[in-house]
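Two complexes are shown next, each including chain A; its partner changes from chain B in the first to chain C in the second.
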Partner chain A sequence: MNARMNRKSLYSWGSAVLLVLLLALLPIYGAPYTVILVTSIIMYAALTVSWVVFSGPTGNVSLAPAAFMGIGIYTAASLGKFLPLPLVILVAAAGSLCLALVVGALTLRLKGLYFSIFTFGLVLLLRQLVLWYEVRFTHTRGRFVVVIDNTTIFYVMLAIFVVLLITAHLLRQSKYGAALEAIGEDEEAAAHAGVNVTAMKTITFGVSALFMGATGAIMATKWTYIDPYIAFDPFFSFMPVLMAVFGGMATFVGPIIGAAVFGLLEELLLTQFPFYYMLMFGIILVVAITYLPNGLTGLVMKWRKGGRTESHANP
Partner chain B sequence: MIVAILDVVVAGLLLGGIYALISVGLSLQYGVARVFNVAHGEFMMLGALSTWSLNQAFGMNPIIAMAICGPVAFVIGYVLHRTLFKRLRRISPSIGAFEGSSMLASFGLLFIIQNVANLIWGTQTKAYTFMAYPVSILGALFAANRLVTLAFAVAFGIVFYLFLVRTRLGKAIRAAAQDPSTAALMGVNINQVLALCFGFGALMAGLGGLLVSMSYPMQTTMGLEYTIITIIVVALGGMGSIPGSFIGGFLLGLIGSIVTKIEPGLSLAAYYVLFMVLLWIKPTGIMGK
Partner chain C sequence: MRILEGKKLTKFFGGLAAVSEVDFGVDQGEIVGLIGPNGAGKTTLFNLISGAIIPDSGVLEFKGQKLTGLKAHLVCRAGVARTFQSVRIFPNMSVIGNVSLGGVFGTKTGMSSPAAVVAAEELLDFVGLAGASTTRAGDLTLAHQKRLEVARALATQPEVMLLDELIAGLNLTEAGEVMGLITRIRGRGITILMIEHVMKAIMSICNRIIVLHHGEKIAEGSPAEITSNETVIKIYLGK
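Showing the complex of A and B:
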């Protein structure tokens, strides 16, 4: 069993490295347009995987991704002129981490649904506060972001994603991952077994936010102009949830497949048929929740094993 | 000075009446049917824009439009529960899992309803005029339509409260709210009752939207802000409590009106701070057990 597991993990590591290599060489053999498209798919994959890092095992549905991403976006817009890019991304990540730790410590004691609503309200609250600040004090709405060439954006986004995947994998393998699983199964039992539930949840929430902030900071440079409505768009809170629910959360492959599918669909449909795209988005969300409780990968695993699949997805 | 205070207070009560009515709807949907319906505000938007269409096409008086919009909203809500949420309830391993998945499903509904509305009505802001003449209350002037709005909101709330307290069906709903499985053992058709609750919730939202349309401009994206406000009101008043929703609604309306007077950009922030403080002090709400 052990040898088989090792071989299996060798295969999955091998294919992961191969995929990253293929992606890393993309700007050499791919068209500029492909690079831009793949960048936005990697962005969604990063948001979704970092969402799954926290919400997957704990079962607490966070709707805060747009808030953390918005912090990253605004950091890039305000500091991009003064600091080099790596530093901007670090500041954005640190800012999101701090906010997540405060919000987590305040709200993660709450019952599941209140947490979801609270995190969603956070997006709207930040948007209103930034808007109020801009109207009242700077008397301008929105800002320009320092532009960076698409290849650089692509590589930085890819690098963030690789670091995220390694972090997420290590976290899941470690005893912290096991503790998180235990919290998701039964919080009270986990607490009795000696797990510091609130601290564990808060720290994981922070780690997931950190990567969302970094993603926001690099993606902002692609948009050139941002305002509070663009930066704190609730859409970015729903996308990771949809992609993870659609792909399945038992492995990190599911969220990546979800991100690829919706990233492509968005590219094909959003500019020409925005209402139909969003309509379809809603329909797929409802159908996925009703008929695919373990997502697409859950379906495939069930079909391959012909039996019950282990479920981490408990939204 | 007194007129200024009265101005703010009455404006707050007028706003609060609407908040209270739609919050009663969500309170039923979450308190009894356990569906945390994030698409609640979308039903409101549907009510408002349908009223606008009826008014534009046939010159229909919004008060008469209630007889059309109310039943239609009820049927949509009822059917949604009989199909979507009933199935989710069956496949969910626990009530906690059902709450989570039904909330996500209602996010899907939000996108579906909002974009169907975008396809029908487009994204422009719409408005019609109805009873837009001023009425004086102790020296402060208010549009007559807003007083009509308040009167209907309060009347609907009272009628529904009497329905819950006085009728057999109302008793079944209250029993289902307290303990669904025991109520089922006592011969309550639980799926029927839950679907009715969901339908009543949609009805309240639809009528709430209709009342809002009498005095405010509307657009397809108006729902989400009302949903957030409603959630805060329900949390404030206590899940499943109708008097609680009314107290919470008027309280939030007053606070909103005061904050808007001082610093118009920060009303949502004020609601949010209130929500945060409340969840810390009394997570079950004012009238919660």
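Showing the complex of A and C:
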């Protein structure tokens, strides 16, 4: 059984490395348009995987991704002129991490829906706060972000994503992965088995936020102009949830597939049916949630296992 | 030696004193029973000891060290483990995963995962779940889930175990087996404080019994003393 597991993990590592190599060569053989499209798919995948790092095992649905992404975006907008890009990204990541630790320590005691609503409130609060600051002190609404060429953005985004995937994988395989799973199953029982629930949740929330902040910082350079409404767009809070649900959360492949499908779909719908974009998006989601409770990957696993389903307790 | 002691423990829920000025003590190696009608405050007392809730007043001591105010995971690591009235395992995790978690996180110094798995296998054997390691915990029968919960608590290497109605809900055979298990746990040098409604179980395995009623301790003594205690008889039989 161990040999089988090893072979299986060898396969998945092998295919992951191959995929990253293929992606890394994309700017050489792909059209510029493809590079831009794939960058945005990787962005979604990064947001979704970092969302799954925390919300997947714990079952606490965070709607804060837009808040952390916004921090990253504003870091790039305000420091991009003064600092080299890697430093900007590090500052963005650190800023998101700090905010997440503070917010996490304050709110992770909140259960279920209350936590979700609070995290969503955080997005709106930060948006208003930044807006107020800009109007009051800088007397502008938006900011220009230092422009960086698309290939660099692509490689940086890919690098962030690879680091994220490795981190997420190691975390899930470690003892802390088991603790997070236990917390998701029964928080109180986990605490009484010796798991420091608050610390575990807060730190994981922070790690997930860190990557969202880094993602925001690099993507801001692609958008060139930002304002609080663009930076703290609730859309970025909902997309990771939808993509994770659509793809399935049992593995990290699910969120990536979800992000890829939705990223392509968004592109297709936006260009072909701009007016029906949101409507069709909504319909696809409703169908996905109704008929694919474990996401696309859940469906595939079900086929492979020959109809044996394993529904998850966390709705 | 006094291993666990509570002094004037009080906890209010709104205006209601769920536990009111309760003094109790448990000596090392004892099996102490905690009985009382529904709503007497037994489980609240367990929650206070295990750090699930904080007392409004009073002091808890474990081996002479203050336990009051410690969070649940620290109480567990200090050496006081518990089970729950309604079984609380991690249903979607494997049986061995449930138990080894206790070893990795709940012991004083923490164990490496491989060491915790080895220890967990031994404990599964001890509670009679050998061979069920890879089963999904939620697929076990209630009786086996209760054993699993005991194994998880044991994995944290406790010195005191709080067992909350371990026997309730089991059939006669299963109940008999669990009583045997409790005695064997004591055989490992672990002190036991147990809540139970099944009188036969309490009377036959406890060294001492504490009776709670409306949050107050109304009696304490050997099984023989308790069965002949008039207040206890009045409350239980309504005479």
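In the analysis below, the second predicted complex is superposed on the first by the 302 of 315 C-alpha atoms of A that agree within 3 Å, B and C clash if a C-alpha of one lies under 4 Å from a C-alpha of the other, contacts with A are read in each partner's own complex, and residues count from 1 in each chain.
Definition applied: a contact is a pair of C-beta atoms (placed from the backbone, for glycine too) under 8 Å apart; a residue touches a chain by one contact, two chains touch by 3 or more.
Quantities reported herein were computed from a predicted structural model and do not represent experimental measurements.
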Exercise for review: Please tell me, clash or fit, for chain B and chain C sharing chain A in the overlay.
Suggested key: fit
Review point. Just chain B (first), just chain C (second), both, or neither: which does A:Lys175 touch?
Key: second
Check your understanding: Just chain B (first), just chain C (second), both, or neither: which does A:Val61 touch?
Key -> first
Review point. Looking at the overlay, what does A:Gly194 touch: chain B (first), chain C (second), both, or neither?
Key: second
Review point. By residue count, is chain A touched more by chain B or by chain C?
Key: B
**Study point:** Superposition-derived angle with apex at the Cα centre of chain A and sides reaching chain B and chain C, degrees in steps of 10
**Key:** 80
Review point. Is A:Ile289 touching the first partner chain B, the second partner chain C, both, or neither of them?
Key: first
Review point. When the two structures are overlaid on chain A, which partner does A:Tyr29 contact: first (chain B), second (chain C), both, or neither?
Key: neither
**Study point:** First, second, both or neither for A:Phe137, with chain B first and chain C second
**Key:** neither
Check your understanding: With the two structures laid over each other on chain A, which partner does A:Glu185 touch: chain B (first), chain C (second), both, or neither?
Key -> second
Review point. For the superposed model, what is the least distance in angstrom between any CA atom of chain B and any CA atom of chain C?
Key: 10
Review point. Which chain A residues are contacted by chain C in one complex and by chain B in the other?
Key: none
Point to revise | Of chain A, residues touching chain B in the complex | key: 59, 61, 106-107, 110-114, 116-118, 120-121, 124-125, 128-129, 131-132, 135-136, 234, 238, 241, 245, 275-276, 278-279, 281-286, 289-290, 293, 314-315
Practice item. Mind listing the chain A positions that touch chain C in their complex? Key: 175, 178-179, 181-182, 185-186, 188-198, 312-313
Study note, to complete from the structure: Interface with chain A, chain C side, in the complex: residues 50, 52, 71-73, 76-77, 81-82, 84, 88-93, 97-98, 100-102, 104-107, 113, 152-153, 155-156
Study note, to complete from the structure: Residue positions on chain B within touch of chain A in the complex are 36, 84, 87-88, 91, 96-97, 99-101, 103-105, 107-116, 118-119, 224-225, 228, 231, 235, 263, 265-266, 268-269, 272, 275-276, 279, 283
